[in-house]
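Multiple structures follow.
First chain A sits with chain B, and in the next complex the same chain sits with chain C.
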Partner chain A sequence: MIEWIKYRRGLIIGIGAIILFAYWATTTYEPRVLASILLSGLTLGALYFLVTSGLSLIFGLMDVLNFAHGTLFMIGAYVGFTLYANPRLLLNTVPFVIAVVAGWLLAGWLPVKRIRTPGWLFWIGAVIVAMMAVWGFELAPLATTALSSGGRIPTEQAQAPTAIFVIRTLGLAVAGLIAGIAFLVGKEHAQQPLSAKLLVPLGMLTLALIIAPIRLSAEGWLLSLNSNTRFLLALLVGASSGAALGGLMEWSLIRPLYSRPIYQVLVTLGLVFVGTELVKAIWGPGGYFMELPEWFSRRGPGCPSPNLIAWLQDNCASIDVLGRPFPSYRVFIIALGLVMFIGTAILLQRTRLGMIIRAGVQDSEMVQALGINVRRVFTLVFALGAGLAALGGVAAAPFLGISPGLGQEFQLQAFIAVVIGGMGSFTGAALGALLVGLSRAFGDQIVLTGIQLPWMSEAMSFSPSIARASTVLIMALVLLLRPAGLFGKKE
Partner chain B sequence: MSDVLLEVEHIHTFIGQFHILEGVSLKVRAGSITALLGRNGAGKTTTLRSIMGLNPPRSGQIRLAGEPIHGKPAYAIAQLGVGYVPEHRAIFRDLTVEENLRLAERRRGDLRRRSDFIMTLFPDLKRFYRHPGGKLSGGQQQMLAIARALVADNRLLLIDEPSEGLAPIIVEQIMAALRQMATETTILLVEQNFAMAAQLADEYYILDDGRNVQHGRMADLIHDHATINRYLGAG
Partner chain C sequence: MLARLKAPQWAGLSLIGGLVIFPYVIAMLTGQPVDSGVPKFWQGMLIQVFILAVFAMSYDILMGYTGILSFGHALFFGTGAYTIGILLKHAGWDLGSAFVAVIVIAIVQSLIVGLLSLRVSGVYFAMVTLAFAQMFFLLAEATDFRQWTGAEDGLQSIPVPAWISPTTERLRFYYLALGFAIAMYLVARQIVNSPTGRVMMAIRDNEVRAKVLGYNTLIFKLIAITVSGIMAALAGALNALWNLNANPAVLSVATTINALLMTIIGGVGSLIGPMLGAGVIQLLGYWLNVLFGPSWPLLFGIVYILIVLFLPYGIVGTWRLRGTSWLEQWRRRWQELTVRS
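Presenting the complex of A and B:
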């Protein structure tokens, strides 16, 4: 019996603490207050989960502590918001990116093996061509949003004429091609045979060129869509841009440094600053607020919706929870978090890729020795984690607002959640995120009302930072009882 | 004399700044069991890891059926038909026995095709098919590690200390399995347990301090007590 208690000391203390806390919370707060605290906590928890799940998987599989994960979250928010409110910026820049990538891929079909010129010459050439292609291109006017210019943006302003745009696109494709050659020169690789695969870069190039003349009408079309459709598009585009950026980051910066882990940490740390400054340069240092789509914004008679099912029909901005209105958008965030949790869990448990990831978290070398190209899986997981974080960013935008500092705040709390849950454990990441979210919500409530224990004549008040400090407190407690975190196995 | 399947020529391997293998060479004939012997720290495990591409040699050559494989990444070497059973088993503890085996599939249906063979060799695995690998006993984990190398069509198996830390009765079982496996594949075996290696292997190589010392037919080594005492400890 004593042995049993000793062995499960952590569990017993944990359950005891939860019971005590639940008792305190139920006696202190009315049920409706408690319900709204819990729901707020769940909302935050869902957002944290989107960040922590990727962070934890990336650390578990590749031992990379990705400090830039919060930055990807923020960039997701900006890209999603841009598509939602000012698609012109994307329509005028994305074709360039597509053109560069298409050019880069095309290099694979060239007989690079016969080239004897050193690679660095090509790199210089690529930079020069790229500079010439974007010469005189102005980004700032494009980034002016409907909000800062008051209403709809005047469409003619700030867009280059189609001819110039096409020249820029082609120039960048050439730059990409030269850079692609530079990358392949002197490397052992097989020239791609002429096959249907060639259609991929060609198709991308065509797409980039097609966008050129239809930029104006495409923008008008996007803005004329109803806000719900635009919102879904924003989620999709934000998440996929985050995934693409994450994959690119792993491939270009993290991969060469697997033998030097300290450098990897420094690189991701550096990317935080680069990302933040880049965002400031494009979108300005100020913040934006993303409007809620129609699904979550109706006010007036009949609102708040009496329950979730009624909300499906009346789309009120809030839903009645035990007599208190609760914003319906936050319910959406909770649902999104839940769907992503289930989706990722299915991916991990039921697919071969998931099996490889779970095995790789334990011993990626052995996975490699079974004939599986783990490096490719690394890139995929990095992209997946980054995509989840960016999705979280888009989802957070209408709820928290968008600003260059959005990433850091989430990064720190997400790290705490990952440490609580245990590095590398998916379940742990989810539970840690939930705990951190709930403790933030309770912390906020405590700041509002203070704590009054039975023997106190008046409530003890706290400074607002208690909400943030509370998560650190939980982390310290968990680490005291379980040094590897709740579900951690790695040292 | 049958064909040489694996040829290692003067490989030098470093781990960090330590020069572990100083020109190791060996040949493994197709269809044989070759034992790699030597004291702890002689470089046996590093030799296997060099062949597998996990610690690529800095110089020297490794050829599989005449094709150079040194410098290739580990997964590419595995895909050429090399199975690896590492020291300390390295099974995936959180994955079930089935998942451990399924992960080793290189083509769809590999496991289905080989399942009967594997399950007759190691009936225990069938019994614990859906249990996590971490819940198996040491011997069962070793069986799983060997079974994992049998799922795909491997021409060559690199097996590192299969008897380590196991009860004699389990060692017997594993020996029987290895003997049966040797009828259809080639094995390079690292083994501290000389009695076991002596019963299984056709040929041997002895390493000492990262260098070749001696090689020949196992039948001759058994009577060479001086060599056994000198390089293999108490033997």
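Presenting the complex of A and C:
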């Protein structure tokens, strides 16, 4: 019995703490206040989970602590918002990216082996061609939006004529091709045989070129869509852009540095800097506010909706929870977090890929030895984690607003959640995120109403920064009691 | 005695000599008086370099000599700045006792942060220290302490004693900062070359081995953190005196990244490297700012990533490797990067 208690010490202390806390919470707050605090906590927890899960998986699998995860979150928010409110910026830049990638892929079909010119000459050539292709391209006017009654819309800024746009696209495709050659020169590499695979890069190139003449009508079409559809598209595009960026990051910057782990961390820290500055350069240092889609924005008679089922019909901006209105959009965030949690859990537990990932967390060299291309799985998991974070970013945009500082805030809370939950553990990440979210919600409430200790005549109230800072104290407590985190492996 | 000096020592002495006469040289070249105009501007530039050099060097004691990667170094720098600011402005202390207080607070703070964070190692440590630094950043921004810290505006117009006022007594401040940098370098060199410093390096190379040899590694890591914390805090305090203010930015991640950048560019694992790095970064930042205007931080970040990728040994490290030819080095690095492992 005593052995058992000793072994389960952490668990017993934890349950005891939860019971004490629940007692304190139920006696201090009315049920309806408590319910809205809990729901707010769940909302934040869901967002934190989206960041933390990727962070934890990436660390568990490849021992890379991605300091730029919050930045990916922020970039996801910006891209999603841009699609939602100003697709012009995306329509005028995405074809360029597609063209470069298509050119790069095409290099695989060229007889590169016969080339004797050193690779660096090709790199320089690629850079020169790319610079020529984008010479005089102005991003800032495209990013400018104006506030109208229906939210932010693009201002009437002239975009480049189709002919110039096509030339730029083709030029970038050539630059990509040269860069692809530069990458392959001097490597043991088999020229790809002509096959249906060739259609992929060619199709991408065609797509990039097709977008050029229909940019304006596509923009009109996108903006005329129902805001709900646009919102779903924004979630999708934001998440996939995050995933693409994450994959690219792993492939180009993290992979060459697996032999020097410290430098990987240094690079990701540099990416925080670059990402924030890039966002400031494109979208400006100020913040944006993303309009809620129609599903979550109706006000007027009959609102707030009496319950969740009624909300499905009347789409009110808030739902009645025990007599207090609670924003329906936050319920959506909670649901999104839950769906992603279940989805990722199924992916990890029930699929072959998940099996490989779990095995890789245990021992990635062994997995490699079994004949599985672990490096490809690394890239995939990086992309997956980044995509989850970016999805969280888009989801957070209408709730918190968008600003270049968004990433750092979430990074900090996600780190704390990861330390609490234990690195590399998916359950730990989820639980840590939930704990941090709840403590933030309670902290905000306490800070708002103030603390009144028995000897004080009136309550001391604080600003929300104190609540934000206080989560670090929870982390310190967990570190003292269990340095490896709640679910982490002991070192 | 002079005959026994080796080449690096000659270089160091002549560098110091050059810096001592630098204000007068500039004054002569421009024909302006030494305490105004262009000479005054360049003195200011170098004062900033000296302060950052000490900050970067303190960072390298942790990263390069003890092998501890901290992402919360701004914590010490910023706390030093705020401590001296608050004590001078609100408590009315004199400069000497304020500096003593800075040291005492730095010791306490680094012991607390060290004891908590050293329960984890490696990247965890980086993460935990980052969280601590962010906590202080948030506290500095919090509106609750506005009367003490000035919240997001920071502490403005710290009353610096007239005899070292950076505006009117610039030249004196210049020599003060130079002396400070040299003194800190000597102290750091003394520590690094002492038996304690050797143990720190042993921990960096192989912590388990150091443990097996009978050293209590925790103590030595704590010493490293404390020493580096004190130096960073002193640099921060001097920075506050120089800028006449302390704002939350000194506690932000950007400050830590700055130290990292200077250390990496200068060369990890040497004392003089980070100091050189501070000079390079400060001057490069100035020129990039002149050339590219507001978008220079972006360029700066890209340069940083390229340096981490292609020049991981920094200036001093690359200089030490000079036995191998430049071309050979580049070829090796290139292979290391491009071979798909």
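Here, the second predicted complex is superposed on the first by the 462 of 491 C-alpha atoms of A that agree within 3 Å, B and C clash if a C-alpha of one lies under 4 Å from a C-alpha of the other, contacts with A are read in each partner's own complex, and residues count from 1 in each chain.
In this section, a contact is a pair of C-beta atoms (placed from the backbone, for glycine too) under 8 Å apart; a residue touches a chain by one contact, two chains touch by 3 or more.
Note that the structure is a prediction, hence the values are computed from the model and not measured.
Participant: Return first, second, both or neither, reflecting whether A:Y29 touches chain B, chain C, both chains, or no partner chain.
Facilitator: After superposing on A, A:Y29 lies clear of both chain B and chain C.
Participant: Where does A:V472 make contact in the superposed view: on chain B (first), on chain C (second), on both, or on neither?
Facilitator: second
Participant: Just checking: does A:W123 make contact with chain B only, chain C only, both, or neither of them? Give me first, second, both or neither.
Facilitator: Touch partners of A:W123: none, neither chain B nor chain C.
Participant: Once the two complexes are aligned on chain A, which partner has more residues of chain A within touching range, chain B or chain C?
Facilitator: Touching more of chain A: C.
Participant: Which partner does A:A359 contact after superposing on A: first (chain B), second (chain C), both, neither?
Facilitator: In the superposition, A:A359 touches chain B alone.
Participant: One more residue to check, A:G371. First (chain B), second (chain C), both or neither?
Facilitator: Only chain B is touched by A:G371; chain C is not.
Participant: What residues on chain A does chain C touch that chain B touches too?
Facilitator: none
Participant: If you look only at chain A, which of its residues touch chain B in the complex?
Facilitator: 352, 355-356, 358-359, 361-363, 365-375
Participant: Any idea which chain A residues touch chain C in the complex?
Facilitator: 59, 63, 65, 67, 119, 183, 187, 253, 255-263, 265-267, 269-274, 277-278, 281, 408, 412, 415-416, 418-419, 423, 462-463, 465-466, 468-469, 472-473, 475-476, 479-480, 483-484, 491
Participant: Can you tell me which positions in chain B touch chain A when the two form their complex?
Facilitator: Counting only chain B, the residues touching chain A are 52, 54, 73-75, 78-79, 84, 86, 90, 92-95, 99-100, 102-104, 106, 148, 152.
Participant: Which residues of chain C touch chain A in their complex?
Facilitator: Within the complex, chain C touches chain A at residues 69, 71, 116-117, 119-121, 123-124, 126-128, 130-132, 134-136, 138-139, 141-144, 253-254, 257, 260, 264, 295, 297-298, 300-302, 304-305, 308-309, 312, 336-338, 340-341.
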